[in-house]
Structures are given as C-alpha cells and as structure tokens.
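Each chain gets a letter, A, B and C, in the order it is written, and its residues are counted from 1.
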Amino acid sequence: MEIPIKIRTQSLCFYYRRRQVLHDISLELPANQITAITGPSGSGKSTFLMVLNRLWEEVEGCAISGKVTMELDGHFNNIHDSTLSVRELRRKVAMVFQQPNPLPMSIYKNIAFPLRLAHINDKTRINEKVESALRQVCLWDEVKDRLGDDGRLLSGGQQQRLCLARALVLNPEVLLLDEPTSSLDPEASTAIEELLLTLKSQCTLIMVSHYQDQIQRIADLHIKVLNGRFSI
Amino acid sequence: MRFWTYSVNEYLFLIAAVFSGLLAVAIFCFLLFFGLPLLQSGQLADLLFSSWAPDKGLYGIYPMLIISLTLATLSMLISFPVSLGCSFVITSLAPVRLRRILLAIIRVMTGIPTVVYSFAALFLLVPIMRNLVGHGSGMSILTAAPVLALVIAPTMILFFVDSLNKVSSSFTLAVDALGGSEIQKLLYVILPLAWPGIVNGVLLGFGRAMGDTMVSLMLAGNSTAVPESMTESARTLTAHIALVMAFDFDSMEFKSIFVCGLFLYILTAALMLLFRMSTVYFSERT
Amino acid sequence: MMEKLFEKSVVVLSWIAGLLLISSLLLLIAYLVYKGGSSLRLSLIFGDTAPIDALMLKRQVFDGLLPAIAGTLLLIIGSMLIAIPVGVAAGIYMAEYCRGTMKALLNLAFDILAGVPSIIVGLAGLLLTIFLNRKFQGQISTCLLISCFSLASLVLPYIIRTTQTALEAVDPIVRKTAPVLGASRLQNITMVLLPNSVSDIISGVILATGRCAEDTAVIMLTGAVATAGIPRSVFDQYEALPFYIYYISSQYTGPDELAQGFGAAIILLILCTGLLVSTLWIQRRLSTILLYR
C-alpha cells in the first residue's frame, strides 16, 4: 500500500547571515509516520524544522530558496503561498522545542493559550479541549487538581509533556519535535516516546534526535544530515 | 577591598568615586544648612500648607507644590500611553527596517534641549491656548503638560523598549510557534513579563516631570495663586526656585526656596531609591 | 470577539501614538526653521562687527550670538575637563574595585545625583557661591567656574554609569587574559579593559557634553547673564545659548530679536542633536539603557 506524502521539498536552500546552511534539499516525508532526522550539531536539523513552520521568519538574517509544499486540509499547498497565513500554518504545523518552554502562566492557561490566540472563547469547549489534550499526554491525572499552578513549577518531564499538550490542543496535522527528550531523564524520555507512537494516527511527526536507539525504537523513516545535505 | 594594596593611581580612582558620591550628600547638606533656620523656626507647617503672599508675611509653597504634582501627573497621563504605544510599534508592530529608523529618531530626540521645545511651544501653542480658552495669557498647566509629555517621552520609550526586548526569546518563539500574532505576543506574554521594567520607567518619567524647570517656567504662567482650573496661570516648585533667586539672600522669600529644594531633593531621592529597590526585587524573582 | 477587537484597537492606538510623536517633532522643527531660518546669516553670530575682528577678540560683538556661542563652548570644555577624569576614574573604581556595602551606597548616591532636578544642582551651586562669598569677603560671585563645577556635578552620574557599564560588559575571558600573563590589576585596566570599552565611554562622554550644552536651569542660577561679552577669565559672568533663548522669550523687543531667538534655537538644536547623532555613529551595539537621559 502506498504511503501518502505529507510534506514535499524541492531544491530547498537555507541561508543564515550569508552562510548556506541547507543545500538543495529535495525529499518527501510520509503522512502519519514518524520521520527521524539525525546528524552532528550545526548540520541544519533544527533549521529544517523551522522551515516547515516558517518560524525562521522571526529570526533576523535568514533567507531561503526553493519550494516547500504540504498536504493540509486535504490538498497540497505551497506553505509560502499568500492564501495560507503564517498563523494558520503554525496552527496546523505545531512545534515542540528542545528546552521545555511553558509560558509564565498557569497549567490551564498554558494549554488554553493557543485556543485564545485563535479567538476561541467558548468556555466549555476550552475546558473540553484542555482536558483532552492533557489526557492525551498522560498528564491529566497528575495535574487535574492543580491546574491553577504555574506551569514552570512542574518537573522537566512534566513540562515537556505540557508543551506537547499545548502543541496538540489545536489538532495539528504535523508535529515538529526538536530533540524532545534530550533534556529529560530516561524514564521521562520513555514516557514521551510512547506518547509519540500513539500520536501517529492523528498527525505526521517529524523529529530531530541525537539518540540512535530512540530512532530504532520509534522511527519509520530515518534521514541523516551532514553539512546541510540530507540522505535517506 | 584591600585598600592597603592600592597603588597611587588606584587611590585616585577611589577618591574620585567617593568624591562623586559625596556630591549628592553635599547638595543635601547645602540645602539643609541654608534652610535650617526656617525649618527650626517652627514654620514648616505654614510653609507647606499656606499660600504665597509675601506682603502678608506668608511664604507658603503649598500652591507650587500642588501645581508641580498636578503638572507631573497630567504630563505622565499623556506621556505614558503615547510612550507605551510607541514602544509597541518599535519592538513589534513596525516592519524591521522601520524599527531601526524609529529607534534612531527617538534616540536623537533625547538630545533636543528642553528650552528649545519650550521656546517653540511658547510661540506656537500659547496663542492657540489663549484663543481656545478665550481669556488669560494662554499659559497654564494645560499648555505646559503636552510639551512636558513630549520632553519625557523619548527617555521613557527607550526604557520601555529595553524592558520589552529583554523578555527571553524562548517565550516569544513559543508564542510564534503557536500561531500568535505580534500584538497577541506583546499583550499576553511580553508585557506581563516586562511589567516591572515598565513601572520603573514610569517612576523615572515622573521624577523627570517633577524636576523639569524650563517647560513650566516658560509655559505654565508663574502666578502664585492656587488656580481654579487647569487653564489658569500657575507656578511649579522648580519655576519658583528659578524666579525667586533674584532677591536679597537673607530674605524670607529666598529661604522659602530651600524648602522647595529640600522637598524636591527628598522626593526625587525617594523615587530613585524606590526605582533601585524595585529593580533588585524583580531581578531576584526571575 | 471582544478580545479580537481589543487587540486590533491596541494596534491602531499604538500606531496613532507613534504618528503623534513623530508629527509633534516635525511640527516643532518645521516651526523653528520657518521662524528662524531667515535669521541664519553671519550677522546672527557676529552682529555688526566684522567676523575676523570678533574672532580675534579685537572687538566686542554686541548684536550677535558669538558671546553666547563662546560661552556655551567654554562651559562644555570647562565642565568636561572636570567631569571626564573624575567620572571615568570613579567608573573604573565602581567596576573594578568596589564591592559590597560600599558599592550599594555609592550606587545609591549616583542614582540620587542623577535624579536630582537640574535646578536643585544650580541652587546648590548658588549656595556654594554665597558660602564662598562670605568666606572670602565678597570676592566670589556667580561665574563660569561655579557653573562648570555645577554642570560637572550634573553630568557626572552619566559618565560614571556608562564607564561602569562598559567595563562590566567586557567578556570575562578577555578580562582574565592579561592577569594570567602577569599583568597587575591596573595594567589590565589601562591596557586591556579601557581600550576595549573606549567606544562606549566616548558615547557617554558625548551624551554628557550634549547635556552640558543644553542645560538652562543650572547656568541661570550660577553665572549666565543676558549680556556679558566673551568672558576673559573663569571668574567672569558669561552668556550662553540656552539662557539667551530663555531670556529672549520674555524680553524680546521686536520681530528681529525674536527671529534671532529662533536662530539661536536652531543653532543649539543642531549642536545638541549633532552631538547625539555622533554617538549613534560611534556606538555599534544597539541596546543600551539611556537611563539617565
């Protein structure tokens, strides 16, 4: 059975302050699978992720060339197309960072924040989505009695799961993960890995990782990066 | 602090620092020394709360006190929202190239002499005020307040911009990745985090507004009565000091200046202390 | 819905604020140029006297701004001669030697000094004059020297703070290099740290210079007068541009004098903003807290 393609890049090049970081990347990433990207530091892995949700546009000194298309809402779009706003794109292509970054607000407000940004105001709907997101990341039972606590008070592993829940609350089609377990202890890492496997059914996961065994365990496709050049 | 190991040059550094520090004390001492007779004569309450009527033997600085506070508050009420709005534009709302240009313009604005602002406003704004109000000289708190707001705005804007920019990029990138717009990022994440810095900027602005002389001297009118409304001529503490100094050095009028001076000194010292304490307090919390 | 409206209105209001500020600035400058542009001739500065004679001090200038310009320049030079060495030395001390309670106390003292209104500094200068007057039996009165001391006190906190910040910002690795090679603390400062921070210190000095040029409140209490010619010694009274502008604003006797006032305002404006633009040019780093400006 042919696996549908979710993301396609064509001759993608990325420049940071006139230095070329990504060289002519052309590849296809499968839908509803976990694609792992590995390589030495500075080879362009995180940069590639930032291209997929256009986060590079918030950083000064970046430029790209080439084409990136994504299957969203049933049809393929060039992500730089003017018909799709950057904010809409980022709601469908969510990101989890290497260092957990809970916002300076309560756990509840952290999860509800993307909903607020999208101007979703219905209280019941928000409650439902927050609970469902926290259940998905297996955090609900741990925090249900202290949803008002500051998100930064949680342990590292819990914070990362919080960030994951926050990324999932708008039901993204693509989930970008930048070394999601590198700042966590082995137990927390395993919990996250198991979680990621369960998420395959609902979205496409692109994950940067340093850990070969992690990739062995959960990745469907393994891409290696060296000096800004990708190989499968 | 091993003083005994210092070389001659290093002692010079020490002396320079201590000397400079003592200047602040020296100013206070001068004011106290000359104002003491007045304070000691038990007339402090009179001075602070009665009106200024030398022919009646009243040397109260009460009217000037009220006017200084009112003018400072009014100009802050104008300047704060404008400065905050400008800082929003400079840090987030404007395209990147425009931000740099605006920031440079604001920086240059801090160099514009207050006397130049006041001079231009005197011939531009005062006649307009005179026509608007219908009577009087056109010089009043209402005339001086917008000009004072313009004077203190650039410094406040730079201060706000600095506070807003200091917010960690891990938070701002998180909001970007979640699909937040620039203004959402500003209002819901950056501003709450930068708020202590903003408050500090307001403290500084208020201190500057209280301490300004030229704007109020040239634009507020300098009448010594407590005005009925904000469109009447009025005199601030600073203008009072500038105007009365011409007299006989031993007169009561002259001595009343020291009370003005002491009050202003203590007020601005307290503001700066508050500023420093809140900076330390908030930096310890984050 | 309400939030969306709120967000949009904040954006609109912020842009309005920006426009308001910039347009006020442009209005001000346009008005000055409009009113004073016509007076920008050599006679504005030199009056009826020939420029060469005036500059060589052969003849006095009565109708022109030369004495005021000269006074302002002398003020700047005089106060900077005092403030720069003391300020930089104090800044070095604060950054490199001072710790603990002493540092906290001195920091507070400098904060207070920076926050004291300029008129109070002027008042203190005046009191100093009276005090010296009594001591030396009426021989000292308000003069250029007193003004320079007072102005120096006014700008000292700026210079100290910028020197201190500049030195403290030096990369810790750079800071440790010379001592490892055997340099003394003082050698490290003079040969490594100061040269490293020179551009920031110079920016601070230029800002302080601008402050000296523009200040009116201090000089009006300590020696500036409406007509005094070019001062021949530091114990003379003097004229200065900012004071001239203030004086003319209430004492002008006709449209010509008023135009001269505007011309003086333009000259002062160019001087001060010119100084500031030069700091922008010198300073490479974009974020500095201009705390005491």
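Worth a mention:
Note that in this section contacts are C-beta pairs under 8 Å (C-beta built on N, C-alpha and C of every residue); 3 or more make two chains touch, one makes a residue touch a chain.
Model, not experiment: these values are computed from the prediction.
Ranking every chain by how far its Cα centroid lies from the centroid of chain A, the top place goes to C.
Among the inter-chain contacts, the highest number of C-beta pairs connects B-C. Distances from each chain's CA mean to the overall CA mean are smallest for chain B.
Centre-to-centre separation between chain B and chain C, using Cα means, comes to 17 Å. With centres set at the average Cα position, the gap from chain A to chain C is 53 Å.
Averaging C-alpha coordinates per chain places the centre of chain A 48 Å away from that of chain B. Not a single residue position of chain C touches two or more of the other chains. Of all residues in chain A, those that touch two or more other chains are 116.
Multi-chain contact residues of chain B, defined as those touching 2 or more other chains: 181, 184. Taken in their complex, chain C has these residues touching chain B: 7-8, 10-11, 13-18, 20-22, 24-25, 27-28, 31-32, 35, 85-87, 89-90, 92-94, 96-100, 102, 105-121, 123-124, 126-128, 130-131, 153, 156-157, 160, 184-186, 207, 210, 213-217, 220-221, 242, 245-246, 249-250, 258, 261-262, 265, 268-269, 272-273, 275-277, 280, 286-287, 289-291, 293. Contact residues on chain C toward chain A in their complex (touch as defined above): 1, 3-4. Those residues of chain A that touch chain B in the shared complex are 53, 55, 58, 60, 86-91, 94-95, 97, 99, 101, 103-104, 113-114, 116-118, 163, 166-167, 170. For chain B in complex with chain C, the touching residues are 1, 6-7, 9-10, 12-27, 30-31, 33-34, 81-86, 88-90, 93-94, 100, 102-105, 107-124, 150, 153, 155, 157-159, 162, 165, 181, 183-184, 187, 204, 207, 210-214, 217-218, 238, 241-242, 245, 249, 257-258, 261, 264-265, 268-269, 271-273, 275-276.
The residues of chain B lying in touch with chain A in their complex are 96, 170-181, 184, 188-189, 192-193.
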